[in-house]
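All chains are identified by letter, namely A, B, C, D, E and F, in their written order; residue positions are counted from 1 within each chain.
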Amino acid sequence: DFEAALSEVQPAFGANTENLSKAMTHGIIDYGDAYRHLANTLRTLVSQVQNSAKTPMMSVLLEGPSGSGKTALAASAAIASQFPFAKIISPEDMVGYSEQSKGSQITKVFEDAYKSPLSIVVLDDIERLLEYVAIGPRFSNAILQVLLVLIKKQPPAGRKLLIIGTSSAGDVLEPMGLSSAFNVQLHVPALRGAEVEAVMMADSSFAEADLREAVETLVSLCGSAVVPVKKLLLWMEMARQELAEPNGPIPLEAWQKVLRDLANTR
Amino acid sequence: DFEAALSEVQPAFGANTENLSKAMTHGIIDYGDAYRHLANTLRTLVSQVQNSAKTPMMSVLLEGPSGSGKTALAASAAIASQFPFAKIISPEDMVGYSEQSKGSQITKVFEDAYKSPLSIVVLDDIERLLEYVAIGPRFSNAILQVLLVLIKKQPPAGRKLLIIGTSSAGDVLEPMGLSSAFNVQLHVPALRGAEVEAVMMADSSFAEADLREAVETLVSLCGSAVVPVKKLLLWMEMARQELAEPNGPIPLEAWQKVLRDLANTR
Amino acid sequence: DFEAALSEVQPAFGANTENLSKAMTHGIIDYGDAYRHLANTLRTLVSQVQNSAKTPMMSVLLEGPSGSGKTALAASAAIASQFPFAKIISPEDMVGYSEQSKGSQITKVFEDAYKSPLSIVVLDDIERLLEYVAIGPRFSNAILQVLLVLIKKQPPAGRKLLIIGTSSAGDVLEPMGLSSAFNVQLHVPALRGAEVEAVMMADSSFAEADLREAVETLVSLCGSAVVPVKKLLLWMEMARQELAEPNGPIPLEAWQKVLRDLANTR
Amino acid sequence: DFEAALSEVQPAFGANTENLSKAMTHGIIDYGDAYRHLANTLRTLVSQVQNSAKTPMMSVLLEGPSGSGKTALAASAAIASQFPFAKIISPEDMVGYSEQSKGSQITKVFEDAYKSPLSIVVLDDIERLLEYVAIGPRFSNAILQVLLVLIKKQPPAGRKLLIIGTSSAGDVLEPMGLSSAFNVQLHVPALRGAEVEAVMMADSSFAEADLREAVETLVSLCGSAVVPVKKLLLWMEMARQELAEPNGPIPLEAWQKVLRDLANTR
Amino acid sequence: DFEAALSEVQPAFGANTENLSKAMTHGIIDYGDAYRHLANTLRTLVSQVQNSAKTPMMSVLLEGPSGSGKTALAASAAIASQFPFAKIISPEDMVGYSEQSKGSQITKVFEDAYKSPLSIVVLDDIERLLEYVAIGPRFSNAILQVLLVLIKKQPPAGRKLLIIGTSSAGDVLEPMGLSSAFNVQLHVPALRGAEVEAVMMADSSFAEADLREAVETLVSLCGSAVVPVKKLLLWMEMARQELAEPNGPIPLEAWQKVLRDLANTR
Amino acid sequence: DFEAALSEVQPAFGANTENLSKAMTHGIIDYGDAYRHLANTLRTLVSQVQNSAKTPMMSVLLEGPSGSGKTALAASAAIASQFPFAKIISPEDMVGYSEQSKGSQITKVFEDAYKSPLSIVVLDDIERLLEYVAIGPRFSNAILQVLLVLIKKQPPAGRKLLIIGTSSAGDVLEPMGLSSAFNVQLHVPALRGAEVEAVMMADSSFAEADLREAVETLVSLCGSAVVPVKKLLLWMEMARQELAEPNGPIPLEAWQKVLRDLANTR
């Protein structure tokens, strides 16, 4: 089953999945329906590309607030697909290169993908690939034009390609014509309500007795019941650091101290 | 007869029509009067260029919403013309090249065309050729100036040329002076009402009994009775993927599931 | 007589008039007073440059709507002058060159002109030479500055020069300081009323009996009684294409079909 | 006496005055007080640079409407000075060069001037030197900065320099800080009233009996009693062209025809 | 204890701390609670990076008014950490380099850091690294994009990294997405009230009897009771200059004269 | 005594003071309190850099209207300091160089200064160094960033540096962050009231009996009692030019004629 595959993170044969699994340092926690709908839809798209004869190309955009888990979702779907070609195009690997060079590197990955019968390409953090900044606004039109074309270009006969984009600036991609260039758009929300609890319960991070109070502290100090999964896991890690045994439950006081410090300083 | 020719897609001798036919993966479906008027006018223009002595050059712009079938129409007209020179200038073949290089490549195709007694050049997705983006707005003025001149330039004595442009950004080409630089402008609309039904009926994609309900589902989930032919055919293909026999009719449930999923995620 | 000379298009000795005559594919039709005033004034300027000792340089701008006949007028005046040096500087011959290169090519033509005792230089489609586009607006300031200086620069002692510019963007040239840099500005209007009829009557394009109805059809389908001569001649050519004998009169039905098709599609 | 010197245009020994005298094709006509004040002030500045020990550098800007005679005034003052170094820096001699190259050429002239004990440099048509255009506005900041510094820079010990700038865009030079960088600013107005008459009377261009009517025609067809000297002299030259003897008086009819034609076409 | 370590400034083995200690010419004065909270939080972050397994990377932004002590705080934390790799990236060391070169130099430091098991990188004066200026505004998007990625990029397996940024333009970094890219943001305020007194008392800079009046002079001449520590220490140094013995207390008159002079001239 | 030193302009040993003294063609006139306060403060800053151990670097900005004497003040302070290294960085010496080159030249002077135990660097006419123009506004951000860093950068251990900047565009330097980057800001005003008289009295430029009337003429023709010292000295020089003996007093009539001419022409 797909979810199981996602959690197990089985590396596909022949695909370099090291970079992909690096994107899931905290694993994938099944935090509820919202997660399952996302995982499900990605699974369907993977299998459609694999099976349908007349849709050799599919593209899906994962869009949502910073830290909501977009990259991890994309990476886990890519790994679970077991497609012979699976690659992530990430701004991290192109630091300091010129627009032109970045455009070429992106194009190169697609050309490699076209050589494999079945491929997945993850375009991670698209606004960063575009060198976007809100002041101006400025961005690389050269890279944008490369993406606009590659996202719609059919692979050669007999090749199949799934493109997964991620972005925390969906509203910016819209007027660029990038959002609507994807066949499907999926929203990846931050955690809310019971989802927060589900993540805090996972791996017995808190003693069951402490859970309710731990959540209440979070809500009262955050000023909001909505929190991105990436931030929540970072705070839990900060609270965990003075534990005697690394995998024991987080004491309430450690949790409260971390949240109070951060609330103080922001 | 022209329509027949369009559907049969007979490759012209001596013209490289591979790229042209690639633009019609789903064939050409006669979905009603609107289609026939478009096909007719294109046919007239082809024959005028072929026959008239004093109009060695004609240019027509196919303009309409994304996915309405502009490229397929242009390609099929080019193939049906059987002109010895028929070429599509597509952004897909120029990914990542510089403005200057793109300008040269475009010019080169026209210069080649001038060497043939009868030529068709398709300028596909003009806003993409221009590297247009709404923010700014930005675009390549170098490429725009090349197009503005080439679209009005007379071929040398004894040569004849038909230019077919396609664009889903007609409102943008207007202030650039590009729309009015074409001799004729044709609007290619999205499907509406009976046209949608005609496409769904074609190739017995749905069992006749299901057709009415299939259309109703589409309208209610789309929130609109207007849909571009390209999207409609993609959704049908998605619904078809779990069929036992690839060419059988699409079951209503599969159709409803696909549309519901997409409506959910957008 | 000048008009006769214009119609006869006698190539001047030593001047390359091929490009110039290419600009008059449909000849010059005397469509009334407006035309004659324009032709007259051009003739006067030609002879002033030829004769006056203290005005070795004259410049005139032909400005008017797209297709009103500016280039043909300039070319015919240049040919009729029989000046030993007569050259048209046209954007068509500089497609894809850089601003700098275009600037040099323009300068080169003027330098060649300065070597001849009597010269005419036609600066055709000035807004295109300037790579002008309304969005922005953008244009080549490098080329503009070249034009601004060349249009006012005196030829060397003993040399005489007439510069004829054409533009369908007079309102744009004004704030650039280009319009007022010309010694004389002439407006070339589109055809209206009796002028339209005069052009349709020329060369017996219509049977006399059909003329009134042909004109009425034009006015009612155009939504206006004003039409540029270039468009009118193109439409007539389109209507002429299914004629048995190429020079026979245009049947009313053919004329009506062409106009109806075009009205439909715009 | 200075005025006499201006009219006689005696070339200074050792100074290349060819380009300077080219700027006065129509000579210098003493048209009244306004002219004499301008000529006088220029003379005073010339002699101050020549005589004063503590003002080795003076700069004066001649600013006024297009064609009002700025360049001719500057050139005649430069020639009359008989300074061993007298040079005009004109946009005409730098057509098509890059900003950088223009900057260097300008700097070079000043460096040459610094080698002569007494120099005059005319910076002609400063807005054109700056590649200024009102749309934007755009201009070469590189050239502007060169001018801003050179206009204030002291020549080396023992060298003296007078800089005369001309411009018909005084309002533009102001916010650039260029106007106030000149030590003195002089306004050169267009002709008005009796001044117009004075110019028309000079060299017996009109028969005395015709003068009043000739002036009246001008005023009524111009719609204004203000006219730049350069334009007035051009129109007179146009009217003169059909004369039997080149230096005879201009017949009233010829004058009226020229003015009527121009009024018509504008 | 951490504070002690900060004051003692013990250079870490193997780390080049020369540039770091240069940033603390006036040492670190414990001026009250605000200082201790800042020092404390920095200490916690240092130890978390050192100890936690799942947070190999931490980033903190020190933001506050000009001269409030950001760089000194960052430098002292870096030195006190005794991490084997500790480096400050400062605009001072990149004067006059191109954007590209600056981007490379910054990237290089991070790549060096990735080779050490434990590293601290100080990004000093981020708005200056970005070549920011409020007019426009302008800044280097190339450098910004480098920072945006490097601040979020995970070091390779087994490496740990603490990034400390400093900026006196926090409001500018916000719309650039830079502030929120840091895991933690700390505000470094100017001195106020008792904090001012604490700094003036340190090292017996004033005779105890003079302190109250010295503070009052400052407040009345400054027009405000808020002053950045860097400015306060500079003024004290100016007042100290005419002392007989360099470490004696500052006489009231010297203090008053310095403040009065500065108040006068501003 | 400092003032005496300023007037005597004693060149310091080892420092190239030629360029510095060139900035004081008219010497330094003690025109009153305002001048003495400025000269005094500069003297204090010079001696602080020389003596204080903990302030190896000081920077002061002289800001005021065009011609108020900023450059002369800076130059005289630099010469009087007798520092072994004293250099003026002036736009005059960098005419026509590229931004990059200017940036390097500026940096080079600072690097040279860092090699001397005691240095003064004058940054003259900062807005010109920055290639500033109000239209846009435009300026060299590359040069600005160089200045912003160099003005705050500490010299190496054991080196001491005084930076004196001059600018007549203080309001422009403010939003660039340049004004506040200087440790001290001094306003250099134009002359007013008794100061004007003091300058006119100096060196017996006017006969005592004429003084009152000479001042009144100035005020009435200037339309204001405020005048920059540089302009006043220029006008006096112009009035002096027709004197029999170069150092005699200026006759009232000569003075009135000069002022009247200038008032006329502006």
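Note that in this section a contact is a pair of C-beta atoms (placed from the backbone, for glycine too) under 8 Å apart; a residue touches a chain by one contact, two chains touch by 3 or more.
This one's a predicted model, so the numbers in the text were calculated from it and none came from an experiment.
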{"item": "Distance in touch steps, counted as few as possible, from chain D out to chain E", "value": "2"}
{"item": "Given chain C and chain D, the chains that contact each of them", "value": "none"}
{"item": "Copy-to-copy rotation for chain B and chain F - C-alpha atoms, rounded to a multiple of 5°", "value": "180"}
{"item": "Chain F against chain D, contact positions shared by both copies (same if over half, else different)", "value": "different"}
{"item": "Geometric centre distance via CA averages, chain B-chain A, whole Å", "value": "35"}
{"item": "Whole-Å separation of chain centres (CA-atom averages), chain C against chain F", "value": "61"}
{"item": "Residues of chain F touching at least two other chains", "value": "none"}
{"item": "Cyclic chain order - from chain B, heading first toward chain C", "value": "B, C, D, F, E, A"}
{"item": "Contact set on chain D toward chain F in their complex", "value": "37, 41, 44, 47-48, 51-55, 100, 103-104, 107, 137, 139, 141-142, 144-146, 148-150, 152-154, 175-177, 180, 183-187"}
{"item": "Complex contact set, residues of chain B against chain A", "value": "22, 25-26, 66, 91-92, 95-96, 98, 128, 131, 133-135, 138, 234, 237-238, 240-241, 246, 261-262, 264-266"}
